[in-house]
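What follows is a pair of complexes built around chain A, which joins chain B in one and chain C in the other.
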Partner chain A sequence: MKQILVIDDAATVRLYVRQVLEAEGFYVDEATNGLEGLEKALSHHFDLVLCDVNMPVMDGYTTVTKFRQERTLAHIPIVMISTEAKKKDANRAFAAGANDYLVKPVNPDKLILEVRMLTGEG
Partner chain B sequence: MALIKKTVSAPPEEHRHSARDLSGLLEQLRSDKPDIRRWAALDLSEHSEAAEILCRCLEEEQNMAVRDALFTSLIRINNNAAVKGLIPLLKSEDAALRNGVIEALRQMPDALAPYMQDMLHDPDSDVRIFTVNVLESLCHPMTPEWLLGVIEEDTHINVCATAVDLLAEVGSPEMIASIDALPGRFANDPFLRFAADIAIRRIRGANPN
Partner chain C sequence: MTPILAQFISESRDLLETTGRGLLQLERHPDDSAVIDEVFRAVHTIKGASGLFDFLPMTRLVHAAEDLLDALRDHRLSYSAEIGDLLLATFDLVSLWIDVLETDEALPADAEEPSQALAVRLRALVPKESDEEADLSSATASAPPVKSVAWLKDLPESQRVGFYLRTLGVDAEGRPDGEPSSPLFGVRYRPIRDAFFSGEDPLFVVCNAPGVVGRAIALTAPLPPPTELDPYQCSLDLRLVCDSERSALVEHFRYMAEAVEITPLHALDYVIPTGTPNEGPVYEDFMEEAQTWLAQNDLASLERAAQTLLALANPESWPASILRWLQCLLKTQPERPVLQALLDAMRTQQAPDWIPLQRHADEQTAADSSARASSTQGTVTLHKTREVSPAEWASFAALLQTQLAILVIPVEEECWRGRILSMSETVSNALRYVGLVDLVDEVAECRESALEHKSSETLVNLLGDILSDIAMHLPLEEDTAEESTSPISHKAEGGSAASAADGTRREQLIPKVLKIDQARIDLLMDLIGELVVAKNALPYLANRAEQQFGVRELSREIKEQYSIVHRISQELQGAIMQVRMLPVSNIFQRFPRLVRDLSRKLNKRINLVVEGEETEADKNIIESLADPLIHILRNSIDHGIELPEQRKAAGKPEEGTIRIKAYPDNDRVIIDITDDGKGIDPQIVKLKAFEKGLLSEERLEAITDEEAIQLVLLPGFSTAAIVSDLSGRGVGMDVVRQAVNASGGSLRLSSTLGQGTQVKLSLPLSMTVTQVMGVTVAEQRFGVPIDVVSETVKINPRAINIIKHQETFVLREQVVPLVRLARLLDLHENHRAREELPVLVIRIGEELVGVIVDAFHEGIEIILKPMEGFLGKLHGFSGTALLGNGSVLLVLDLRTLVLGMQEYTRITALNTTT
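Showing the complex of A and B:
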């Protein structure tokens, strides 16, 4: 079973993503900010990270950068999911090291497709 | 959030010999030594007239300890100028700075309240989302009504989604009809329907009668 980590400060978003992905057979864990996400990823194997941009404690861009700097985490695909739809925001996500950038609210079918593709389950 | 420090250790001995009046502190705020800037920023909390300058410094300051000190002093000053200087920083490209601004504004409910309507009607939907984020921990009696206005009027789905998420915590039973009607304004988007249903369940659970 592929392991997905959802990093988002909005509880409703985490719950929604969890329900969508668990229904498709993925294991989902949650973190409420980037720092908590990093700590979880350092102690547990994940096949993919879904990461919000604007969060307290550690924002999404910093989180992705930290993942890419950490030898044991650098290979994990990361999809940033943000309310910010401007092209510069997506460019910044890619510059930080994200594999893809989706704008909220994410269509569940699109989310499943993206997760399947990046975890090799497609 | 770690950005805002409530207590600080004593300054180094050498700083006690620097001028601690307003003009001396403003001069030290331009020092190339972060420790001197940090102590100047902290000591400027005693000078409410420095709020505008402290906000301007936030835009350029890259040292996190100095930035924390600037936020700490602005929260202590907690006046109209501090709020007016912080609000435009919600448009910053620097996500960490925006987070600090959100956290600081949350601690200035009375000074912030007169600006809330303008912030909730900013043309930039990202600013409106950040404003709803401020409301998340803003201890102000108008918070539920401000959020209700967002879900009834705002035309951006993510602004409304952020607001309905918060209404799950602070909403009251008389708001349920508006929350239930929200997804209909956005072609019954599945996430918004999910978020609205969760909010309604939580409000009913918190108010069983």
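Showing the complex of A and C:
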């Protein structure tokens, strides 16, 4: 079972992602900010990380960069999910180390396709 | 309600609180960037989450507020009172909507207008960004959100066939019939609910629309039952198909642009099967054969079979409708994806979604239709292992392009390795997903070479190759665009059975905080109350065992057991009470806003200081406190704190201070509200009390200033008429006192003229189980809440002195007035000569009063039930309780009894003479 980590400070968003992905047979774990996400990822295996941008404690950009610098986490694909639809925001996410960028709200089919694609779960 | 909506509501409430608090802080410290950040983040989160639902007015409004906050954050804008007011108004409205969501699970029908209006005002304040960047959505050539034209199904099928053929420019047999015409336009017009009153005439507008060729009408929502129907509200959903230029339509509907959607119609838009569901085995056979023919491109067989079946089918049925469309499409637009989608609809009973196929299909008909279809089929040059839809190919290509784009973005040295690794992981996974497994190894090779040579060149080349190889799978470019936002679909509600197996990991997901329905806690509380009472039956039982049956041993055992049950039930009660405890901040947090709004209105400057917000008390106590506290605060703001100039003249700082302080004191909570306003003028109070007939002339002279101030608390003292000319306070303070007493609390008022006023509330931590003391008067038993009893003494009848017609006795060198409970209750007095009289000493405000009874009994725990119905109007009783032996105990409200008006004045007068 592919394991997905959702990092978002909004409980509603986490619940939404969890419901959509669990229905598709993914294992979903949650973190409420970047630091918590990083700590979870260091102690558990994840196949994909979905990461919010604007969060307390540690924001999304910093989090993604930390993932890329961490030996054991560097390879994990990360999708940043943000409410900002501006190109510069996407580019900032990519510069930080994200592999893809989705704009909230993400419709469920799109989210499922994205997660399947990035985990290779055909 | 779905769990997600429930979560959204509760999360939004928390965030709105944060927002409200932050905005008030900003008012004091407009430059506090930490606060701006906090508010921004809260608002941002609300906006993000609201987007998951179809709450457009809310999302729009919050988004506008977020942009404004963003401007504040970036110092593109500086804080002003106007901004503060507007933001507060915005979040008041959002809070209101959240409340509505909780009951209706939808925004109020009239949310649209205020949302628009407020959003426009918010946006007007945001300075334009100088280098405004294009939205990603438009940059990546995404289509504007697709408006559903599913309503076309309401037009007759024959009419739609006509429109369909006309759009393609062919006749019924698929022969060209003139030029393909420019598309018709679908117009959907939903007048606002007040349309009939706002000068709109929907019918007139629709009848005169240019080039109307088709019409349908529906309701925006099902009509309510006739009793609730408001016929003056417009609930029409008017649909038109117009053969006209878009500009002419826009012009025609210009006055109601928000209520109108104008959509160009594609040929496939008309292809909507309709009819009654009818499933039979015969269709399943047909479906199987049809799939085969379709796969073999044997369209002739398919057409024949469709014709045969159609002759047999009920023409009103869903399958018949599909078959008719199938025939029509076979003649005019025989493309596999289109035919396939239509056949699928036979099974799913849902109209096909043409949007992904639309431009593709139109394009193909315009060109030579068959050539391209066959070329698509022939492109299996890559070793695919599964069917991949055009939409999936598009996503795949977009992902690869994104990876290519990422490679040209500069990156920090130490992140480079991570980028290459994660990128190759991403690409490999995507390749697996689309079935191009063979290429995964190549990616790995390129990755190694890239890491070795510190160059991503090989990866770039590989990605480029893959992209060009798959180009033929791709639909036209527009289809890669993001799909329109949609509310949560049924998919979101799937089960989580799949992950249940992973038990150990799952444990970590259990939240540390449980949110529990209050009703459940209340039930627990009621049950523990019953248990406490039931437990009280055991001592009775023990006594009976001993006295009636003479089994002393058993009696002793029952008593032992009782003490165990007693201890456990007390612990249980404590534990449950703990669950119900809430910090007083729950009510305190409303105050900053109250103080702000009121002081502004009155042109006063007031600083509110709140201390001890974390102090906890029972939820019911906290809630019952809200109104009295607001009342007290209002008094302070309204009558206590003076206008800045008056304060200046009095040598005080211009800004007044109101201090609210909460702290625990044994098993009680003390709340202290102090202001540094002008205080209460005892002379005016005395005068008013005299005018009201609450005080006789002689008392007027006799009572002290402090006692005079207490008069404010008397029922009947304050009415609206005296508020305006009374320069102190007094607005319904008796109401406040009653509310506080009702929850088992007490109130103390003190004031110094010119320096301020203090109100001190003392409240029990919980009000479920009450300790009462049993007393007997005239051979009847009553309960007296223990918290009013200061002590019990027995006095010699000879120690009673009469001072001014009032019985008194001396307690620790203090003269204490005495009242006889039998007289208060108008019961038969016990005149037998006794050695000593039992006296309950109770505290009323600052004074002690002795209450003579016939006998005391032990203290017991009871569940106090307030008097209801007719009895509810009786004064002097707190309620009733069921005792362990099944009898009912009346619990007295001694304060009210003793504080009968005449009694009160007599006592105060008396005290002054001591």
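Operating definition for what follows: the second predicted complex is superposed on the first by the 122 of 122 C-alpha atoms of A that agree within 3 Å, B and C clash if a C-alpha of one lies under 4 Å from a C-alpha of the other, contacts with A are read in each partner's own complex, and residues count from 1 in each chain.
Just so it is clear, a residue touches a chain if its C-beta (ideal position, glycine included) is under 8 Å from a C-beta of that chain, and two chains touch if they have at least 3 such contacts.
These numbers come from a predicted model, not from an experiment.
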{"item": "Contacts of A:N99 with chain B and chain C, given as first, second, both or neither", "value": "second"}
{"item": "Superposition-derived comparison: chain B or chain C, residues of chain A touched", "value": "C"}
{"item": "First, second, both or neither for A:G120, with chain B first and chain C second", "value": "second"}
{"item": "Which superposed partner A:P108 touches (first chain B, second chain C, both, neither)", "value": "both"}
{"item": "Partner chain in contact with A:L15 - chain B first, chain C second, else both or neither", "value": "both"}
{"item": "Which superposed partner A:G60 touches (first chain B, second chain C, both, neither)", "value": "first"}
{"item": "Shared chain A contacts, counted only where both chain B and chain C touch the same residue", "value": "10-13, 15-16, 19, 54-56, 83, 88, 104-105, 107-108"}
{"item": "Chain A residues within the chain B interface of the complex", "value": "10-13, 15-16, 19, 53-57, 59-62, 83-84, 88, 92, 104-108"}
{"item": "Of chain C, residues touching chain A in the complex", "value": "3-4, 7-8, 11, 41, 44-45, 47-49, 51-52, 133-137, 139, 386, 391-392, 395-396, 399, 402-403, 405-406, 409-412, 414-415, 417-419, 421-426, 428-435, 482-486, 488-489, 491-496, 498-499, 502, 505, 508-509"}
{"item": "Residues of chain A touching chain C in the complex", "value": "1, 9-13, 15-16, 18-20, 22-30, 44, 52, 54-56, 65, 67-70, 73-78, 83, 85-91, 94-97, 99-101, 103-105, 107-110, 112-114, 116-122"}
{"item": "Chain B residues touching chain A - in the complex, by the definition given at the top", "value": "1-2, 93, 95-96, 98-99, 102-103, 125-126, 129-130, 133, 157-158, 161-162, 164-165, 168, 189-192, 194-195, 198-199"}
